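We call the chains A, B, C and D, going by the order they appear; numbering starts again at 1 in every chain.
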Amino acid sequence: MQHALEGSQAIARAVSLCRPQVVSAYPITPQTHIVENLSKLVADGVLECELVSVESEFSAASVALGAVAAGSRAYTASSSQGILLMSEVLFNIAGLRIPLVLTCANRAVSAPLSIWNDQQDSMAVRDAGWIQLYCADNQEAIDTTIQAFRIAEQCELPVMVCVDGFTLTHTLEVLDLPDQQQVDEFLPAFSFARRLDPANPLSVGTLVSPEYFTETRQDHHQALLDATAAIVQAQSDWLAISGRDTGGLLRCEGPDDAATGILTLGSIAGTLQEAIEEQGDAAPARLITLRAFRPFPEQALRDACQGLERLIVLERALSPGAGGIVGTEVRAALGVMDNPPQIFNFAVGLGGRDVPLEIYTHLLDAIAKGRGTGFDILDLDTGKLPAETS
Amino acid sequence: MGVKITRGSFARPGTSLQFDTGSWRVQRPDHLHAAAPCHSACPAGEDAQAWLALVEEERFREAWENLITANPLPAITGRVCHHPCETACNRGGYDEAIAIHHVERFLGDMALQEGWAYPQVQVPDTAPEIAVVGSGPAGCSAAYHLAQRGYRVQLFEALPVAGGLLRSAIPPYRLPSKVVENELDRLLANGIRFMPGQRLGRDFSLEELQASFSAVFLGVGTQRSREWSIDGATPRDLHVGLSLLKEWMDVGVIPCWSSVAIVGAGNTAIDLARVLKLAGVPEVHIISHKAIPGPGVPAQDAMPAILREIEQGLEEGVTIHEHRGVQRLILRGEQVVGLELVHMKKLADANGRLKRVAFEGTESMLHVEQVIPAIGQVVDPDGIRALLGQRSYFRVDDWGQFPDQPKLFSGGDARGDRGTVSEAVGDGRRAALAIDHMLREEAGEVPENKTTPIPLEQLNLNYYEPAPRPEVQLLDVAKRSGFDEIESGLTHKQATGEGQRCFSCGNCLACDNCWTLCPDVAVLKTQDVAADGSHYVFDYGYCKGCGLCARECPSGYIVMRDEV
Amino acid sequence: MIEIRIHGRGGQGNVVAAYLLAGAAFEAGRYGQAFPSFGAERRGAPVTAFVRISATPIRRRCQVRQPAFLIIQDEALLHVPGVLDGLHTGGGILVNSNRTPDELDITTGHELITLPASKLANETLGRPVPNTALLAAFLALTELLPQQALVKALAERFKGDMLERNTRLVERAAGMVPAGRWQEGDHAARA
Amino acid sequence: MTQEVNIPLTDLRRSQPRFSGFEAGHRACLGCGEALAARLVTESAGPDVMYANATGCLEVFTTAWPDSAWRVPWMHSLFANAAAIGAGMEAAMKAQGKSTRVIAMGGDGGTFDIGFQALSGMLERGHNVLYVCFDNEAYMNTGIQRSSSTPHAAATTTSPAGRESMGKRHMKKDIVSIVAAHHIPYAATASVAYPSDIHKKVRRALAIDGPTFLHIHTPCPLGWGHDGALTIEIARLAVQTGLFPVIELERGGVAGAMPIRKLRPVTDYLGLQSRFRHLFADSSRAKEELEHLQALADHNIELYGLRGEEKIDALDSEGADTVRRGGMRWA
């Protein structure tokens, strides 16, 4: 059923439809509206769950971890510094193979302090061992959140649903919210075989010696690789119920014969799509929106890039001293193709900088000028900075 | 369970049991039953700690049965014993010693009241027969222990009734005759052939006994008083202490003098002094070479009489002159009118030998109507002169065996180095053990546990609460007649309380400390008492040998030994 | 697609105004998108929100740089640099003010219409919140959406007496501006 | 003389007359106070409890994969988050309508220092969790570094004694008062030397609906420098000297204190441990520090009224772990 909803509100409603038993929350902009909305749902009796308003993100992640370990479906959300404060716990959750869903309302990481959107936070914890799914719009945020619980519980892996802060979380738009029956049909009741249970008292989180550590890591790695199938399956099952395509591992739009491809993740995709459409036949391009960043869908990516002469990777984070994060991984993945496209890599929209409709033409201009063959920040405007005085 | 434990480092419960931490150990704990001081000190050989444990649990019959494996006469010794067990009791070093003596009487009295019998022993007619001469405590004990070990026993007594000095020398305010009667009735009913009115040297000879019995035990006591004189002077109307006491016990009257001095420091002296005092003699003096026992008084300088009796005597008005000797008798004609006393003390001479020294210038006069020596008794040589030779007492070994006379034994006062009922009971038991050992033709020493008692330092006193020793009711001095018993027994609650107070030195208390405090969960509690007498076993598969259990065992029952 | 920019001050309900307008679009069967340009500003500082209304799904998420209309929540904002930037030729400016456009004495190059929105709100709601009156006037001027859609959007936020008062305010404010005057502007924006 | 064992130990171990949540075969040092305390807590708490364990010796020596010494549902996550994990477990139990209780536990580092914030949060939010701190007064797992629980003047590897140092300069943090200031229904201290007191306090805490806290003093033979056999003796001396007051607090107020029967000078306690060895040097500074520690003990004794001589009652076992023939103190 359609509603005009703010992104955070929609995510909260989606979470609520998944019947979490424990929600832990700590305020941080721009994630706050999600837990505020969940709190309101609990206060209004719409959602029956234990809402734990903790004293830090570190504890938010820990409470959620404890709750899942004890056999309850749990949820939490955070952003930026919060994600980093909980990063130790994030690694732990994944290593323990705890099925938990977390929304990351993406935001830049301080310093310098910025409350605005980019994806540096989730990128910083990309090696924590979580499944990471990026949402292009709020409809995807709803659908991905619902799918995330099933993927997590099926794979015994945590899922981080990445939603651009403000750009999505604070945008009101018309959204289709599934009804409870649809979600119940899609998402089985929570069960976790390795839960803490006096009837079968397992010990969780043991010390693992060098003798066994490598195998445990490999098991975890393999579980993430295997999760691609679960992601695709969840998407197609949800499509059957909801009628909406959420994109699976990645979404490919545009003419098959386009020579230029643009790969991005998150909310830039919508603006780009309109921008490409505006250009019409003058400058056709294939838009590839990466949804699953972990596991990294190498094969799907290669399939999506077949026939491209050039691929522009556009991302909202960077690895200082190295360059693009996604770009580097895409280069590695496509390097084994017979005719790999030439790859251009740009960061854009850091710290909340608006990505305008002109982005597409800017990109085309930039690569025409030879920028981005390595890595460049697209929307750099150093001229406006005040002169340094010594 | 279908759970993959390789995921995220999960482990199944209690699987650490796969890991053998016992290999870490360089020392291992072990149970060691050390003797309790009360046990080591008991002249009768009782394991008081063992029966106190049963008393605590109100298993009185079992406690009594444990007790009578050593001493068949607890109602008697529970009244007259000088209880060295209490002196030895480790609890004395903490607050107050356990009132073992009172609990012994409690059990003895309960047994009489309830009519508990000794364990039945089937004695075949073909069993070896042993002659026991004298039915005092030594003879009765020997007869009992022999009977309990399956021997036929004939018990010869010169008098018409059994009991020896139990009936003739211990005043009824200490030991009521009914108690003696009941204890001895039970004892004699226990497969012993009692032969009253049979006097050695008159009705039968030692040689006859030796010819017709497999072994002979002489529990003849000391029936003859020592000669007494001061520089050769002896009063004409001399009364000897023990005879006077016997007379009073038999007839119930005693000469009524106005003042009496008793010379001696033993139980006879005190008993007589008290009897005289209670009979109305206004002035009763005891002249003692030694001091009243108390703190700072070395054992060899203390009066041998039981302290409790001394204290009660003083309470009743007896005057004791400590460290005093009689230097001269003041006679009017052959009648005593007084004594010249002098301060005396035993001091070491140049060779380190103790010698009695009188201090010149400390002389004093004591005017009395009568002086009574109570300086001890010797064996009556009638019928055994050959055995005695020139000595006053028998010379026998620890087990009561005569040298060169393998089938002849003795014990009790007749040994000369004894002086108490409990020692006599112990002698009878030990002689019975030795006779049994001999007749069974067993090799080596007579088996008996002779372990060193565990000292207080080896106990962990942190686990014991301070608790006072119970007081028994005493008859008011004004109401004491000499015939009514002065001390009452313990109450039920007091007796079990003493069981609780017992430290259980050197023995497993079953307190759970080792089980509770093992960081390695390597001590297991057993449902029944384990083979080694404890209630726990060490699981050496996991014990790392830290020694905590040994350190925290309250009763010193666990020791650490090096692994070999 | 129509793009609108709303200028207000922190605490004046600037974001709510944008959400209400996009919500009204949804109630009218159109697609709406609204989002703020959040800053670190606190109560009182100039803030901006953006609204897009369209018959087809809206995918772009960039800020509105060339709006067809401006809704200004108080007249003083007219003097804040950048407020008028990018307004389409032929676009309109609706300003909350008790004065007439002439009295405002400002040259914008666009048609400027004033409405005493705060005053109306104070009289009707008891609180000087200009949103409802401005939005009602805006819809009356553009005839972009029926007033009933705004009332429905308001019904998502208000209940009972407050909803009734807001509904009355809608009627009152809508009647105070020339109906359909900016309908052309709509077309201009579409062009 | 070695003991003859003819009882099948495996069967016997399985049929012990006390709940066993903590199994043999763990890898703690000889005489480990923390292992013992953990054992006592699990035994006292019974089977229907789940545990959140902070990083530290306890977690390391009990769970070397694939082995685990625990027979209770147990989880180790991180160093700083035991209280938060416990809070999550408790929320889950509440959500599932189950009565299983939650115990969170950590060492002094995980409680006084790095896990302090999570602990405070858990207490403030009123979770139905018993938090147990095993206090061995330094970071033992990493090699005896000072923590805010390390007592004044104790030498550790990061507060060594030397020409210019008498060990740790600062005081031991008064954690139980800080915890009690959260106005929780029950907070208590206990010592591993008094197992029945631990038992009583664990039972008492678990009977309360709301956050509770138990602070257990657990000597570390390695870190304190004493023989493993002396663990209980030293723990007991800490109590008997007044250096570690055993108290109970309800809603922030002192509700009870274990009286000291036999008051001992602090030197009896300090002298047994090499971490205080420098205090027995022949120097005025050493003597001053000894006096300082005595003054700290005297202060505790006065503050909590620990002098117990006036009130000796044979039947009152408070203040001593009196043994009884036949055991089963806990039955």
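Convention: a residue touches a chain if its C-beta (ideal position, glycine included) is under 8 Å from a C-beta of that chain, and two chains touch if they have at least 3 such contacts.
If you're wondering where the values come from, they're calculated on a predicted model, not measured in any experiment.
Asker: Could you tell me the least number of steps, going only between chains that touch, from chain B to chain C?
Answerer: Contact-graph shortest path, chain B to chain C, evaluates to 2.
Asker: Count the C-beta contact pairs for A-C and for A-B, then tell me which is higher.
Answerer: Counting C-beta pairs in contact for A-C and A-B gives the edge to A-C.
Asker: Find the most central chain, measuring centrality by the gap between its CA centroid and the centroid of all protein CA atoms shown.
Answerer: Checking distances from each chain centre to the full centroid gives D.
Asker: Round to the nearest whole Å and give the separation of the Cα centres of chain A and chain C.
Answerer: 34
Asker: Can you compute the centre-to-centre distance for chain C and chain D, using the mean CA position of each chain? Integer Å is fine.
Answerer: A distance of 65 Å separates the two centres.
Asker: Could you put a whole-Å number on the gap between the CA centroids of chain A and chain B?
Answerer: Inter-chain centre distance comes to 91 Å.
Asker: Where the centres are mean C-alpha positions, what is the separation of chain A from chain D, in Å?
Answerer: 44
Asker: Using the touch definition from the top, which residues of chain B touch two or more other chains?
Answerer: 5, 9, 11-13
Asker: Pull out every residue in chain D that's touching 2 or more other chains.
Answerer: Residue numbers touching two or more other chains: 62-66, 68, 70-72.
Asker: On chain C, where are the residues touching two or more other chains?
Answerer: Nothing qualifies.
Asker: Touch graph across the chains, line, ring, star, complete or other?
Answerer: Per interface graph, the chains form some other shape.
Asker: Taking the touch rule as given, give the residues of chain A at its contact with chain D in the complex, in rising order.
Answerer: 21-22, 24, 49-50, 52-56, 58-59, 62-72, 74, 88-89, 92, 96, 196-198, 200-209, 212
Asker: Quick one: in the complex, what on chain A touches chain B?
Answerer: It comes out as residues 95-98, 156, 193-194, 200-208, 215-216, 219-220, 223.
Asker: Please give the residue numbers of chain D that touch chain B in the complex, ascending.
Answerer: 1-7, 9, 12-13, 15-18, 20, 22-28, 30-33, 35-36, 39-40, 62-72, 195, 227-233, 236, 261, 312, 314, 317, 320-330
Asker: What residues on chain D touch chain A, complex-wise?
Answerer: The touching residues are 47-50, 52-53, 59-60, 62-66, 68, 70-78, 80-81, 83-96, 100, 117-118, 120-122, 124-125.
Asker: For a test of understanding, state which residues of chain B touch chain A in their complex under the given definition.
Answerer: Interface residues on chain B, with respect to chain A: 1-13.
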